[in-house]
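Sharing a structure with you now.
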Amino acid sequence: MPTPSESDGVVVLHAENLTKSFGGIRAVDHLNLTLARSELRCLIGPNGAGKSTLFGLLSGLHRPDTGRILFKGEDITNLQPFQRVRKGLCQKFQTTRIYRSLTVAQNLLIAGGTHTSNRKKNEKLSWALSTLGLDSEHEVSAGKLSHSHQQWLEICLALATEPDLLLLDEPTAGMTPEETALTAQFVVNLNRQALTVLVVEHDMAFVRYIAQSVTVLHYGRIFTEGSLDEIESNQEVRRIYLGES
Amino acid sequence: MNAKQCDYEAGSTGQLNSNPGSEVEHLETDGESRRSFLKKMIVASAATAVTGFPYTRAQAAENPSIKFGLLEDRSGNFAIFGINKWHGTQLALKEINEGWTLEGGVQGPGGPGVFAKVAPKPPTENIKEIVNRGGDETKDDTVWNEEDEYLVKSGENGVLGRQLELISPDPESDNSQFQSLARRLILEDKVDVIMAGFASAEREAIRPIMDQNKMLYFYNNQYEGGVADKYTFCTGAIPEQQIVPVMQYMIKNFGPKIYTLAADYNFGQLSAAWTRAMAPILSAEVIGEEFIPLSVSQFASSISRIQEAKPDWLMMYITGQNHSNYYPQADAAGVKIPMGSSINIAQGYEHRRFKAPALARFHVTASYMEEIPTPRNRKFVERWRKMFPDEPYMAMEGHSAYVATHLYAKAVRLAGTTDKETVIKALESGIGVEAPSGWVFMDPATHHLSQYIRLASCNEQHDISFVTEWPYIEPWWTRRLGVNLVRHPESKQYIPDEDPFFKMFKKKGKG
Amino acid sequence: MEREDKRWWQVLNGPQELGRGRVFWCLFTFAALGLLAYPFVGSVFALSNFANFCLYVPMGLGLALLWGYSGVLSFGQSAFFAIAGYVYGIISGNLLDMPGGTLLAAAGAIAASAAIAAAFGYFVFYGQVSGWIIPLLLLVLSLILETFMAQTAGYQWRVGSVLLGGYNGMTNIPSLQIGSSIFGGASIGFYYLVVSAMLITYLGLRLLVNSHYGHVVTGIRDDVERTRMLGYNVNLMQIQVFVVAAALAGLSGVLYVSWGNYINPSSMGLLPATLPVIWTAVGGRSSLLAVLLSTVTLRWLADSLAVKGGEYAFLIMGILLLVTMLFFPAGIVVTLARHWLQRKPERRDLKKNRAP
Amino acid sequence: MSLGYLVSLLYQYADSIAFLLLAALGLMIILGVVNVINLAHGELIMMGAYITTLTYHRAHLPLPLCMALSTIGVGLFGMLLERFVIRRFYDDKLGALVATWGVSLILSQGTLLVFGPSLESVPLAAWTFSYGRYSFGGYRLLLFVIAIAIVLIAWWVFYHTRLGVRTRATMQNADMARALGVNTRDIYLLTFGVGSALAGLTGALYAPTTTIVPLMGNQFVDVAFITVVVGGGANPIVGALTSAALLSLIATPLSSTLGTFSGRIGLLIAALVVIRFLPRGISGYFQDIRYRRMARGVS
């Protein structure tokens, strides 16, 4: 069991009073969220709790109806998604989004954008590629990779943008237990390299493996926050999330 | 064009204009060459009389054919007109190759008519005088004593013992296709003459290429007039032959208040300018005019504007398949105003395509229509239908193409060669033929035909009757501007804005 | 320095285009030399005609970049082609006596096409309209321009000393002139001009699509959101690509008026608007080389059909287009090339040149 | 401005709405449901006019029957087109655009080769009535009535039949509809058939008022495209009606006072302006408003 890395208490992300409605349904409802540097946070909640919408708001795919988002102390509420990425906030989508018709190398070439202008080596990325075994698949068309490798490739694409905060939306969906474990280990190790990570995940095994702190979302609001043990022992959470009465 | 390019282009031997500095010498050369044409013609006919057909036929087998380039649209927007013209040329070529020709020939300096002298001085008289002189209508058949037989034996199969070979790619109503095919005909097929184009845009696209390559070019189409080009001969009717006569008739019979409905492009705008300028001379007034973009096909608002203006008659310069929808729509809306025009019906046979009475009360001045009731035209129609039984209608432009082809053959026979400069001289020698429509004469100064014009009127049953006719209207307008291609070769298209008289009647604005 | 050269070569030989490796470049050089040597054997007409086919290649390649690589279909390339033709005619007609006037006119014409594309692109790409609207809107825009230009007959429509000419078109446009040599439609100089424009455009675009920028453009085609979420200003890049494609169409327009000395509004009509799309689709929009080949071949085919088949030309073009879209959705040249490459084992030198 | 002028303006307005509606409705329904732009739409209209004209002249059937035959014939042709061409392009919209362009070239040029450059048109009973100095065509008003009736029928089918519910479900989310047991393939096939049948009907209705030539479809498609772009595909029926009404409102006074050219340009500029501010067209804008109102209802 890895020990949680120390967060130094500096706030990386601070969202306050976020609200977003779609077609009459309030997906995110006056939500407040704060992430400290080097924190590894898990976001859980039943279907429709607003997890993906929250991610969309943070990455800039959606504009909030109310509220604001501060990233590294800067108000990014009105920034375009690409501007947020350049500031160091990158997302892996829920459904795998990679360039299927291009090779792995081309995928990485695109991701290693010009905005990360310093020519020095992206050590996190090369570490990630070798850890995940993608470096031997450079010339393979991304669409032909196995499912787990596609998921990993997308994480690597995000890493190629040299983020300070990584948003992972269900990184282990559809993986075998072995692959899930490998992914979990990878995420934890990534976090140890001083990268703030926010994960949405259903797989409780995965959550149990990595989580330092867990936030439970319900009907677009934060239901409760705490360590995994606290959450798991919380009867209310069991009721709404695990369906136990 | 650059000198380098000229090296590739078909050179010419008839350098008659090698010394443009001296006018006198120039004229002498002119006269000399014309005399030699006449002589050649006499010699040629004598030879035919003596030796008869076997000789020429044997010669035809050895001699290379005369290459006849034709670019008419057989697909695309203008196919409906182009196919008709294509057929007209084919018919004429078949006749020429089988030993027939249209009666006629050089009429001596001047030919019939007041201005039809070779190299005349441009008239400087008052335009009203010319208008009056240009358009004396007549129904007296005795003035022009027409023979029934106008297609006569030429004495040889083909021309100069050579068959005419048709080379006719399809330019598909596409201007750039016209350009590349024109170059192909000139540079690759090395044709001796090119006849090409329906729309004025098509003509303007290839005319510079014809000039660069000194290629003899026939444009066989009714159009807005004004082309003055040494290498171009126009055999279609032009505004002075159509607009002025139809206006005279309409004003006399229906009244002086005119409303013009014109297509919003060169032909429509220039024709409308003619109407505006001629109206005061003919004591009439244009009380409204509207220009319709070519893509418009719905006319509810135009119809209401016309009804509001209450004109005595309508001057129609609308063209193309979209615009012809006006007629059924106006008819359905109960518009019963008489109409005059220079193109509709004669060109696009709307009276056959639309059910009666959409085109009732329509009047058009035409150089030809299938319905012309003369015996000679019936024979022409018979020959055409025999060759092309499915032809929906024999329109004005098909006839122009037919006449132009015969005219060219006649000029080549006269010149004794297919050399372009010499054939141009022959065409400028005052040459005329008995066309199915009547006598036509190539005006040397302007390279346009003096035409036999009839005014066709369409009744409730869409039957055509010819209410009046002008047996000989000359192309006087560009001559009025000083155009004389025999003396001053040039290459441009004049527009009415360049005539000080027309400038007085400029369009005030749109709408 | 040597290292730089090698990388430049690597980019040119990159994976974003058919035809890589030593054999391909040998063939390519051979073909290019053949084109350069053609004037020594071809007739004047053959040269002029071939130049006429090739002058459309930049427009076709521009559309390949726009549609095949960045995923934006355009029915408006012919409008940019015609705009450049008109602007060239206006400027060169007014600068007849100025040395280098035609070059200035060419630059102005291409700039005008690019500027109009930039303005249009700003509206469309920042408005984030759906994909199918852009081609329709461009078609509508072409038709506006055609309607407008068709009614500009007469003296009141004139820029400086040049008449716009209405539906009959603008006539007597001077050919391009550099120093004392004039690049008229039937000259060897024009042939070389067109062939070099074609080859330079091809190689330039090949460099572009294999560069990092080109990869990102392809990324936009495959997944707009993903690319945006990798930190790229997708809208701006789409505009840039759109402008490049318009400028290339403009280049073709300038070459066209230099060849024919004439332009008229029907160049912006419905049919010319779709021709570049046909060339691009039939060859294979995902490969520049395929589009280059299909543009020249289809121009040649259209010409031969006009000469021989007459009225069947459009029918055959339509059938060709439909069959291609049904059975070779990636394009005929691309499908055949892939088929051929798959059967062949991958070459060693290809592996050496893979992207970093 | 007299009362007669106003009546005339109203008549022109109705006439223009009818033209835009009939030209665009089929195209728009196909766009809304099948999500494909059919560039051969104009040729389908041409086909309708040809079938009407040919059956009228060669089979000597009464005109309304000829028109019904065109509607059915073109509808069936549309279904064949869907089955053998369009179906392959459901995941490649731009491909469908290009493929249907090929179809349109084949249809128009094939017609030219088979039937020649033009056909004699169908006669039209001249019902006219007049008001003041103006006289009007009754057939044009009939066209307006038919256009509105078609919209009403389409609306009823869309909102009050099982088929309509399934179609709407397919429009909203095809995967979900499939999961709920809707045969979306059949829905697409049927929709394409209906859209084509409407094109055929348009051709049949306008056959007595236009020239019967192979390229006659072009006069319909450019205005149809504008109407579709302005209307948007979110709700084809609302989109077509509002778009036709709006565009006619702009074009009619312009052509009536300043001339047809201004009306034309006005139409085109209106399309550009609408697309800038309502990228999903009028119906897309309405959809957004409705969602927003629903959102307010929840809170």
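As written, the chains take the letters A, B, C and D, and residue 1 is the first residue of each chain.
One rule holds in what follows: a contact is a pair of C-beta atoms (placed from the backbone, for glycine too) under 8 Å apart; a residue touches a chain by one contact, two chains touch by 3 or more.
In this text the structure is predicted, and so the values were computed from the model without any measurement.
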Provide the labels of all chains in contact with chain B and in contact with chain D.
-> C
Comparing A-C with B-C, the busier interface by C-beta pairs is B-C
Computed distance of Cα centres, chain B from chain A, in Å | 78
Rounded Å distance between chain B and chain C, as computed from the means of their C-alpha atoms = 40
Length of the line joining the C-alpha centres of chain A and chain C, rounded to whole Å | 43
If you average the CA atoms of chain C and of chain D, how far apart do the two points sit, in angstrom?
-> 34
Of all the residues in chain A, which ones touch at least 2 other chains?
-> none
Identify all positions of chain C at which a residue touches two or more other chains, and write them in rising order.
-> 143, 147, 151, 311, 314
Provide the list of chain D residues touching at least two other chains, using ranges where the numbers run on.
-> 109, 112, 218, 222, 261, 264
Parts of chain C lying in touch with chain D, wherever the complex brings them together | 67, 73, 123-124, 127-133, 135-137, 139-141, 143-144, 147-148, 151, 270, 274, 277-278, 281, 311-312, 314-315, 317-322, 324-326, 329
In the complex formed with chain D, which residues of chain B make contact?
-> 75-77, 79-80, 83, 264, 290-293, 295-298, 300-302, 304-305, 307-308, 310, 321-322, 324-325, 328-329, 331-335, 352-357, 390, 392, 510-511
Interface with chain B, chain C side, in the complex: residues 43-46, 48-49, 52, 143, 146-147, 150-151, 153-155, 165-169, 171-172, 175, 181-182, 184-189, 256, 259-262, 264, 266-267, 271-272, 302-303, 306-311, 313-314
Could you pull out which chain B residues touch chain C in their complex?
-> 1-2, 4-5, 8-9, 74-76, 79, 169-172, 174-177, 179-181, 183-184, 186-188, 199-201, 203-205, 207-209, 212, 264-267, 269-270, 273, 291, 293-295, 493, 495, 497, 507
Within their complex, state which residues of chain A touch chain C.
-> 59, 61, 80-82, 85-86, 90-91, 93, 97-103, 105-106, 109-111, 113-116, 138-139, 157-158, 160-161
